[in-house]
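Below: the structure, in structure tokens.
Note that the chains are named A, B, C and D in the order they appear, and that numbering of residues resets to 1 at the start of each chain.
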């Protein structure tokens, strides 16, 4: 038996980036999402938001040490772009919660077919809990885009009929980009596949998903690169 | 019968000003209160707040036309002092409502012995109502100081057992400066006189007041100048 | 390329339709977007709900918009400045609706709308006619009134400098209602004295970031 | 003459007593008032409630305050940054209380306290464990949770420049939690890189006006 074809993390990030409209204001979270920034077309002037009050960030130039007061939510040092702004954190969260961000791109432990997302705690006994800005982002951004591996490390599905871990938000996820597929969460229909990794069968995708999958009228075949 | 001795508007303003602690942040409203600013000792560095977002104002120098974007709540043009700051109006009202102002000094139609104040409407049928920032000021400032004439133009008392006009705030007034007396509003005791105009009898003061007057242990005699 | 610059005042106000709710910045004459108001008058939209601290003075600007019968409903804190003659006449004649709100509550309701919050308890107006018919609650020994977010379809705001991303500064106390109105309106339209190249406004000096702004226009455009 | 300048860091934190609640600015290492935290450690107050976004990393600063057993209760949004070893150990050993709050709710609760508002409805956390035991309401078709104001006895904040009136600027995104903490604390104590003559900070550049500040101190004083 051959290993089922999966997209690389970079390819998933690239597909996600291609789907962001020009001029969007977006927030990018930890994990694979951080790769998304790399693939955003500069000509699209997509403005990155960081919860600590910055709009308009980009990676440091090679060799630049950066500044401790210019970091993102992952606490990485970044630099300001032309046109950036810095505000107090309460106003930054007003942007997030108030529906002003076009999209938030974040990782997750689990996503349910009703749009529920679990991303902050596995509920394990000795887990140190931490919420940060995730609950504000998912409740407020116009699009909530989850970028993650389709299966957990132990091989269990992360796309479910219902989340089993503590929720970050209820009925909020709009799109999911995984190493196997691009899936929209459609109210009333659940998971609707609009892209599938080249060489991956619908049966194999369904087997990796713990909830029924519907398919869009047009389903893109996602090449490995 | 001689006219009962009354303090001039300027004298009332002066007495009020003398009672403001150095370094206080205060808001000054329309009417006699505007005169108070004139009598504040510059050495006390009392900072004037204007609801449109300014901290640190003073009158224009003779001949200066001022600037349309530097006005106070009375829409008078003023100028900034050294150390002033300008913020958005929502933050200005956070100062007012949040208990950050040491005092608000305003006029009133009526004040009741329980600290109720009526200052925005006489409830008359053809009255155009207007609230402005008064309700926020009286609910938030640490001291609510009313400066007004003791009697209304028609001779009726303005200090009452209970207000008859629509209220601006409930149980908020702490001190009253009139052309007849200085009166504190003490919870549980009502009006407590701590200053009376020179030559005015307690009987005459009571006759001009539609609520029982108590007297402080020490009652100052307020000279005409 | 992000370009929020409208070529003319006329273009800037073009999307405003009959029946729209429109926030207008200003405190008396300070911070009042005169040129945008004139453009709105020329544009012709009517049946408007106008949300602004005052209700116009004299015969121009907001007073003229009122006099032309374009405003169905006025939401404000203080419609009785000296010179607010047009509003007073309409009000006494029963030809305009008025929602009167304490100024701090008005600001906070707009901020709540812009910040994605729901209703909130404020002490302002507790025990007064403003609280009538509203949910009230004692919290920490003090009385509070429940107030709802106040959003609008449009905001007309006076800024000072803007860039093509819509990043804004204001002039002195003209700042006033601008920041909360830009947050609370679906479409914030801002007139400025000058449009400057992107990057010219220092990041820490931006008062309202472009994310809240739909259109900027020079006041003489 | 208004003079809010404390001569030394030690003087600045002197009023902090055992059992006090203390807000500490900072987002990771950015905006963290390191010198004031060290002064608080030297000062010795214990049984503290600390309100800060994170719970310290490494072995210095806030982590050291925790390690010394001075903190009874931690109120934060994200105590699990990499390197938050001290907090993790105390927490697993049951030796510290934790109130975990979504970051936006934490900020908004502080702002409500500073702005004199009562409880407010926020959509954040609706349908999650954060909402358990709290009043919930559907408004405009969306679920909301009622959250209460969050005040404190003290705030330790990192500013950039200050004058003797306490007018403040911040450095880049070090601004962060500073403005709301200065509003929400009874006594806001701010360390700055420099104290400048009154009038040197342009009025429109003041981010937190002195009215919210009790003490300012040079970080090397």
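The rule is short, and it goes like this: a contact is a pair of C-beta atoms (placed from the backbone, for glycine too) under 8 Å apart; a residue touches a chain by one contact, two chains touch by 3 or more.
Since the structure is predicted, the reported quantities are computational estimates derived from the model, not experimental observations.
Colleague: Give me the set of chains touching chain B intersected with the set touching chain C.
Modeller: D
Colleague: Among the chains, which has its CA centre at the largest distance from chain A's?
Modeller: B
Colleague: Looking only at C-beta pairs that count as contacts, which pair of chains has more of them, B-D or A-D?
Modeller: By number of C-beta pairs in contact, A-D is the larger.
Colleague: How many angstrom lie between the CA centroids of chain C and chain D, rounded to a whole number?
Modeller: Chain centroid spacing, chain C to chain D, equals 33 Å.
Colleague: Please tell me the distance, in whole Å, between the geometric centres of chain A and chain B computed from their C-alpha atoms.
Modeller: Computed value for the inter-centroid distance: 56 Å.
Colleague: With chain centres taken as the means of their Cα atoms, state the distance from chain B to chain D in Å.
Modeller: 35
Colleague: Could you tell me the distance, in whole angstrom, between the mean C-alpha positions of chain A and chain D?
Modeller: The mean C-alpha positions of chain A and chain D differ by 30 Å.
Colleague: Got the chain D residues that touch at least 2 other chains?
Modeller: Counting only residues that touch two or more other chains, chain D contributes 108, 111, 115-117, 122-123, 172, 175, 203-204.
Colleague: Would you mind listing the residues of chain B that make contact with two or more other chains?
Modeller: If we look for residues of chain B contacting two or more partner chains, we find 54, 86-87, 93, 96-97, 139-140.
Colleague: Have a look at which chains touch which and call the overall pattern line, ring, star, complete or other.
Modeller: Other.
Colleague: Each pair of chains that touch: what are they?
Modeller: The set of touching chain pairs is A-C, A-D, B-C, B-D, C-D.
Colleague: Spell out the part of chain C that touches chain D in their complex, as residue ranges.
Modeller: Answer in residue numbers: 108, 112, 115-123, 137, 139-140, 142, 144, 148, 169-170, 172, 175, 203-205.
Colleague: Report the residues of chain C in contact with chain B in the complex, numbered from low to high.
Modeller: 27-31, 77-81, 84, 87-88, 91-92, 98, 100-105, 107-108, 110-111, 122-130, 143, 171-180, 207
Colleague: Note which residues of chain B are touching chain D in the complex, please.
Modeller: For this pair, the touching residues of chain B are 22-23, 25, 43, 45, 47, 49, 54-56, 80, 82-87, 93-101, 139-140.
Colleague: Could you pull out which chain B residues touch chain C in their complex?
Modeller: Against chain C, chain B makes touches at 50-54, 67-71, 75, 86-90, 93, 96-97, 116, 126, 128-136, 139-140, 166-171.
Colleague: Can you tell me which positions in chain D touch chain B when the two form their complex?
Modeller: Within the complex, chain D touches chain B at residues 1-2, 111, 113-117, 163, 165, 167, 183, 198-199, 201, 203-204, 206, 209-212.
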